[in-house]
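Naming follows writing order (A, B, C and D), and every chain is counted from residue 1.
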């Protein structure tokens, strides 16, 4: 069956039915599945089930073997660079929520260079540009110029900003952007409307179609994810995986990956409606590794040091280190971050931990010749 | 049901015509195979010599004829032959074969892509014979092919599914029908291809050169049906088998 | 090792050493070889040996299986069309020898059309143009025009004429020629000089390099062979095979084949110095089939009907039928042929015999779109 | 002796560097492997960050470095990266990898040929990673490649010689050195490739991700030597094996 876009595929599914399917997995269904060698998205409801959560050691063994097979001992480092915390959205879970009384800042190119120099000297060669939904991104070449500026020093530039037009994605690629992180937050439309109270982000469709526009425009790597804690995470991850699989099938040159943001304390009052425990996050990561052996699985410093180290050993492949989530934070710590950091180690400390785990920390895994 | 270029077929077995001992044996074998698509080498077609011609032995009312460009060594020859076939009135389907090496008759990826682009643009429904190359399969899809036909092993070698590792990936990634072609020596080879999730198979030598082509055609018909039915039922995993898991295809 | 041409490869071999190798094959060497699945030119001394001639039924079984595998039941028909018997060579074994007192004739395009129409109506679609070494071939467009004329009706045109320049081969290809038959007669240089008393054909090198020029020029199919009866046939066939294998390795798009002319009675006095019996010819054909599973093996009407039928069933793939070896012979039988025909059946009779053997006679196996 | 692009090597084992746990383990493993050719992903090379750099761990006096273009998705990217490598002073050898599908990292035949033509013209010694496609091997030879490197199975899959049927034909037909690359999971896989008549093998994952990479490097060294020695001695035929017969290569 060919669906003309992901939304029309998504419409074939009822959230409740998927949830029920996941909830009702029988142990022998899982037994049979675990004898297989290759897994597909169709297997994910089983792998994500509570039934499977009793079998994590087995999943871990398989996932670990697959990760080593495809990535060897290499683990990849990146750093987020927040360029603006101005935001016209009102998302209940976010520190940058327009209604939050925080100091707003948009970095000048000089300020960006200052943070960038700091990160370069730490060893970073892969930068993730992050911003709030600042209208300047859509209205001027601010983002594109920033990409071009950073691309002079950094071979690999990804962006985590509001969904762009295809044309803007195309300009980003031309300026040297190779990666996009664009999380749907939740694939549950009802919850989506509840948590996105105001601003352009309320438009579920514009956001969900972002990856298709980006892939068409030639963005090489697209990271999917949901904000863990908004809705039933097992069901939500299934849909994120379906989204990724759809993109992969339609845009065969596009690399896919996943991030796993858990809601962290921030300035504001929102409390997660669903608890996602460490073992749940572990299960998510293991399940995705089995279904997507070659996907990048990306960790942020939202998670604790020890837990991050463990996930990197088993299945995660990319990690940030020493992150600041406030614009200009690397040079000047006066503004407030988007969320609290759980792993406060310096990049050098993170690298030491990676080495201690028998892994090889890779700063540079991209070449200037591969972009633009 | 198998669907190629907008046409639907209940049989998933395509048969070739090049190696039979006579037209009457061929006709009987095609009937026994239940096939609804039959491929014919355009270089063998001679409308001036009807008594000997393969075309005369095929029932057009029931069968979609699939002229092939076998013998073409490059894109331009293949394009020429395809057009000659269409001008003869054989329709706009073509099985593209570009085989510069007369030895193993293996396809040339570069000229195959080039000819596919041109023929698709010119309104042909192009079914493409190819090496079991997953990247080429995607590029052919982008170029407008209607089906990809990766080889199991060299033509006539009867060595079976020697390229299964790559065919598994082609099946997993393709948005087009995948027809496993060339080298299927026995019904179980064909059955195996179908169990892996191939949409159809093409068989020529193994039927035509059997001691009993009609019976062998029947055997392939049964094996293809068995393989497809097994695939749909869901085959139990085995380390030895390169099956893709639960058909993602059905989902996306 | 890379040799710049076949001649320099040939010079690595001593005729006597190859003959000795063939003569001294031990039965257990053959036993071991026959267990293999694929054979190469390096195996040919063993397969062509007298030791192997005691094992023809085994060879026959293997060869027959291979032939069926690659060619199925199809057997291909062609007809020679002699366009001139004028010749400036003095070859002791040939009816067209300049010194022979026979009526000489060069066909006009009208006469060629007459023979061609006859052959077309018989069903032929593949014509082999044959000529003596008539200087007109090198000096004018006579040959090229003939090819173009015939190509209007016949999809496949081959030539069996004196060795041409690369440029002339190129013109032939452009006019519609897809095949070349050029036999070295013998790879034994001493014998070569003895039997080619006078004329340009005395130039061993010019002839042996013909296939390389033709392959460079884009001739698609090249037929090799020796005149059986001139020198030790086992050794000679080994070299013909080596020649073919060399061409195949250097010009990977060139199809190769073999013909097996045995010296036949003709106007003149030469008697073969080496006897090649039917069982010897059978062994040659079987050995070549094992080493070259996909090669065309071509029979002429030099051989007897029953023997030809048998060879077609086992390993030969192409056959002429109803041949005349005198220019204009299809329309007018007044001139003398190059050699005597042993199989005097009409094409229709040959086709009936092919059918009776459970084989499929193919008149047309080439398309006008494949040439020119 | 193995001869590539005019240089002679006594080892027929090429090793990759991408997946080791540390530079020191890598260094020891390379030594144990006896390899004289080592491939390095240019996208990992960072001369600005020498303490972490792979290049620093390689003894240039003994080892021919073979920079590779892994990550390139098309011809123009591959050409750009190759030139960046040469401008860095890494020499004119390049292992061309053009892999548009980030999933299986399988090579693109069309852009691989295009990049080979250009790089060969620009003075690179191009060793070409490719699908096990005999026709493509001949076209790359015509385009000026110095070696063809057909894959045994997808990178990192450790599935062994899954494409042996096609590799046999490549070895039979090639006038260039044939280096079997990717997917050799165990020493016996490498030995098998050598017995078939491959000129060399490239191993990365199987050594780098072993529990004991140094010992595994040694094991591959021995297996490659065993395989080559056996090939030269002449392996007894077996139906199961796709060996070419008496090496015609030696003759022509």
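Heads up, the rule we're going with is that contacts are C-beta pairs under 8 Å (C-beta built on N, C-alpha and C of every residue); 3 or more make two chains touch, one makes a residue touch a chain.
Everything quoted here is computed from the prediction, not taken from an experiment.
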Checklist outcome for this item: Leaving out chain C while keeping all other chains fixed gives the grouping one piece
Checklist outcome for this item: Set A-B beside B-C; more C-beta pairs touch across B-C
Next on the checklist: Measuring between Cα centroids, which chain is at the maximum distance from chain A?
Outcome noted: C
Checklist entry - So how far apart, in whole Å, are chain A and chain B when each is placed at the average of its C-alpha atoms? => result 43
Checklist entry - How far is the middle of chain A from the middle of chain D, if each middle is the mean of its Cα atoms, in Å? => result 34
Checklist entry - So how far apart, in whole Å, are chain A and chain C when each is placed at the average of its C-alpha atoms? => result 69
Next on the checklist: Where in chain A do residues touch two or more of the other chains?
Outcome noted: 252
Checklist outcome for this item: Flagged in chain B as touching 2+ other chains are 100-101, 103-104, 138, 157, 173
Checklist entry - So how do the chains connect up here, line, ring, star, complete, or something else (other)? => result other
Checklist entry - Quick one: which chain pairs are touching? => result A-B, A-D, B-C, B-D, C-D
Checklist outcome for this item: Counting only contacts in the complex, chain A reaches chain D at residues 68-74, 123, 125, 155, 220-221, 248, 252-255, 294, 355, 358-370
Item to check | Sites on chain C touched by chain D in the complex | outcome: 1-3, 9, 32, 35-43, 242, 245-246, 249-250, 252
Next on the checklist: Touching residues of chain D toward chain A in the complex: what are they?
Outcome noted: 18-22, 42-46, 49, 52, 71-73, 77, 80-81, 83-84, 100-105, 156-158, 204-205, 208-209
Next on the checklist: For the complex, give me every residue of chain B touching chain D.
Outcome noted: 99-101, 103-104, 106-110, 113, 131, 133-136, 138-139, 153-154, 157, 159, 162-166, 169, 173
Checklist outcome for this item: Listed in rising order, the residues of chain D that touch chain C in the complex are 138, 173, 175, 236-237, 239, 243-248, 250-252
